[in-house]
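Structures given as structure tokens follow.
Shared chain: chain A. Partners: chain B in the first complex, chain C in the second.
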Partner chain A sequence: MSFIKALRCKECGADYPIEPRTVCDHDFGPVEVAYDYEAMRGKVTRDSIAAGPRSLWRYKDLLPINGEPRAGLRSGYTPLIPAKKLAAELGVKELYIKDDSVNYPTFSYKDRVVAVAITKAIEFGFDTVGCASTGNLAHSVAAHAAAAGLQAFVMIPHDLEEGKMVGMSVFGPRVVKIKGNYDDVNRLCSQIADKYKWAIVNVNLRPFYTEGAKTHGFEIAEQMGWQLPRHTVLPVAGGTILPKVWKAYQEFITLGLVKDNAPRMHAAQAAGCNPIVKALEEGTDLFRPQKPNTIAKSIAIGNPADGYYVLKVVRESGGSGASSTDPEILDAIKLLARTEGIFTEPAGGTTLACAIKLIQSGRIPRDESICVCITGNGLKTTEVMQGQFAATPAINAKMNEFDDLVRQITESANAKPAPVKA
Partner chain B sequence: MTTTANSVTMRIPTALRPQVGNKESVSIAGASVRAVLANLTGQFPELGKRLYKGENELNRFINVYVNDEDIRFMENLDTPVKAGDEVSIVPAIAGG
Partner chain C sequence: MAKSTRKCWLTFEGGRQNEPCLWKMSRTYPDVMFDIRQASVQKDIGIMAVLFTGEEKEIDGALEYLVKAGVKVDPVEGGSNVAG
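Entry: the complex of A and B
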């Protein structure tokens, strides 16, 4: 049974049928799936969700598909880690890491949005899918398309990390490198979607694609034992996930599945690409686009399409924003690895580095629950870590050389880097 | 419509084509983005309602490019244009 009502313009409220659609015809505003929450009452319950599969499809009733899921059957339901060691190091009481670095099958949050978009592409009868991507989305679209037997075209900036290139090419999509940054790629994709009858997941399937991002928030709430963190820190690139995690929290509140604890949403950006955080700091409604310059390439989007909604949600929720420099991003990657055994990409380093700043500045009180959302995997971007570790000498396979080495290590233990105290 | 010596080519996205007689592009005269858009919406008043929010402010979901560069990196609506330039209207879209 489906609870979907229509595609509704977030600006003027105009309704459209469930169809491939990029924006509202009247004002270009984004269209969003509207649901019948009244009809869900008593049907979508904690029990009905808990009885579902261990994937994001356990929230199927709150996702815009008609039939059964057709892609990403094992995507989502990633770990929520009570990060006790990191919490102790930062001096906070209750800290969680929502870890989409191990999402299935391509190790980023994008497997959520793509699972929904590809299911929808199949429902609409498309045979070719595509995307504009900074890497992670291309991985996910290529992998899901391969598994579903669809053709894929992935459009990317020409200067992505080597690991990102391999991670998409292996699935056999047509990779189109574009001379320019992500914003150039995105603009071209918008024009491609106008001309070719393809399912460009983040253009004409955007209203369905973005709904998949809600599942990140549903899982946080369910895995915390049906409650919401008081503070959620999320990276902001195009601006999809933060407003959608907020929407997820509000849907669970509306359905009576969690208590409304006035959750606050905090935006994290790299200092080399922070149009939203700048607008938050300056108190303006309109952000100014930027030309990105940061190692956090997966979130290097200088002209975020949903930026306006990020600003709105952060302000409405009483949240805040922070940006972090490249060295701070690298330190945070190492901190998360050293304390919790999680290796994230620079986007995740950005999110943690910004969370630390918000804790230090008192914007996030140390005695309230905090969830830091990790959206990508560090093994895809190993080149950014080059030069971060001391060289390791090779020894001969002799016990005495090993003993010498252990002695050296013990002696230099005092020289260990001082822990980062928040 | 005839192409005049000082015309730019205005690229129209699908969502707005019904307002310009279903054309992909139109030739429009003007020395700045503001002037070009004024001439365009003068010819196609229905389009103006969609492009502008109030008098002087573009609808925030509309991005305008001159030869592939966002006008917000130049002089916004006052960005000068010359004959042969390509001006594109592109809706903002998500991704990453």
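Entry: the complex of A and C
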């Protein structure tokens, strides 16, 4: 049963039928999927959700599809890890890592939004899908399109990390490198969607695509035992995930599935691309687009499509924002790996580094529950870690040489890294 | 000639937010009608959602004029080239 009501303008509230549409005709404001929550009451329950598949589709009733899922049948339902070692190191009471670095099939949170977008593309009858991407989205679109038997065009900035190129090309999409940054790519994709009538998932399917991001929030709530974290720290790139995790929390509150504990949303950006955090600091509603310059390329979006709504949600929730430098990002990647055994990409390092800053500044109190959202996998961007570790010496296959090495390691004052104090 | 419409976001920065850029454009391209659908202007930046109507070539010229004047012109998704 579908509970979808309409596509509704986020600015003026005008309703439109469910169709490939991005903006309102009247004021060009973005449209969003609206649901009939009254009709859901009593039907969408903790039990009905728990009886669903161990994938993001357990939340199907809160997603904008009409029939059965057609893509990403194993996507989502990633681990929520009580990060006790990291919490101890940072001096906080209750810390969770929502780990989308192991999302299926392409190891980033994008597998959530693409699962919904591809299902919708098939429902609408498209035979070609595409995206503007900083890498992770291209991987996901290429993989899901291959599995669904659709043609895929992925448009990427020309200077993307080599590892990410391989990770998308293997699925057989048409990869189009564009001379420019992500914002240039996105701009071109708007025109491509109009001219070619393809399903560009983050352009003309954006209202449906972004709904998939809610599942990240639904899972946090369910996996915490039907509770919300008091603080959620999320990376901000195009601005999709933060407002949608907030929407997920609000939907669960509306349906009575969780208690309203006034959850606060915090935005994390790299210092080399932080238009939203700057606007938060300056107290302005509008943000100034930036030319990105950071190792966190997957979140290097200088002109976020939904940036305005990130500002709105952060302020409405009483949250805050922080940005972190490239060295801080690398340190945070190593810290997460060393304490929790999770290797994230620079976007995840950014989120953790910013969470640490927000804890240090007191904007996140140490005695309240915190969820840090990790959205991508470090194995895709190993080149950023080059030079971060001491060279490993080779020894002969002799026991005495191994004994010497163990002695040296034991004696070395640097054998155990000093703890990071937040 | 058939009329076309074009939906655009215009961003005014670097002092452009204090100049009558649209008025100047309309003096050069009087046959291009502009309809401001949404606008927000602050000290350092101004953003407008504008619907342009006119002949295709005239709209191209008008938008090029704005770009040359230092205004950032972005097509609205799903509306960059809509026949009227």
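Just so it is clear, the second predicted complex is superposed on the first by the 418 of 422 C-alpha atoms of A that agree within 3 Å, B and C clash if a C-alpha of one lies under 4 Å from a C-alpha of the other, contacts with A are read in each partner's own complex, and residues count from 1 in each chain.
The definition used in the following text is that a residue touches a chain if its C-beta (ideal position, glycine included) is under 8 Å from a C-beta of that chain, and two chains touch if they have at least 3 such contacts.
Remember, predicted model here, so these are calculated numbers, not experimental data.
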Quiz prompt | Fit-or-clash call for chain B and chain C when the two complexes are aligned on chain A | solution = clash
Quiz item: If you stack the two complexes on chain A, which partner ends up touching A:382: first (chain B), second (chain C), both, or neither?
Solution: neither
Practice problem: For A:206, decide between first (touching chain B), second (touching chain C), both and neither. | Solution: both
Practice problem: Using the superposition on chain A described above, determine whether A:27 touches chain B (first), chain C (second), both, or neither. | Solution: both
Quiz prompt | In the superposition, chain B vs chain C on chain A residues touched | solution = B
Practice problem: Considering only touches as defined above, state whether A:284 meets chain B (first), chain C (second), both or neither. | Solution: second
Quiz item: If you stack the two complexes on chain A, which partner ends up touching A:132: first (chain B), second (chain C), both, or neither?
Solution: first
Exercise. Examine A:237 and indicate which partner it touches, taking first as chain B and second as chain C; both and neither are also allowed.
Key: first
Quiz prompt | First, second, both or neither for A:191, with chain B first and chain C second | solution = both
Quiz item: Where on chain A do the contacts from chain B and from chain C line up?
Solution: 11, 22-23, 26-29, 187, 190-191, 194, 203, 206, 286, 288-289, 305
Quiz item: Which positions of chain A touch chain C when the two form their complex?
Solution: 11, 20-23, 26-29, 187, 190-191, 193-195, 203-204, 206, 284-286, 288-289, 305
Exercise. Would you mind writing out the residues of chain B in touch with chain A in their complex?
Key: 11, 13-15, 18, 50, 53, 59-63, 65, 68, 70, 72-73, 88, 90-96
Exercise. Would you mind writing out the residues of chain A in touch with chain B in their complex?
Key: 11, 22-23, 25-30, 110, 131-134, 136-137, 182-184, 186-187, 189-191, 194, 202-203, 206, 209-210, 237-240, 286, 288-289, 291, 298-299, 301, 303-306, 308
Exercise. Quick one: which bits of chain C touch chain A in the complex? Just the residue numbers, please.
Key: 7, 9, 11, 13, 37-38, 40, 42, 44-45, 47, 49, 72, 74-82
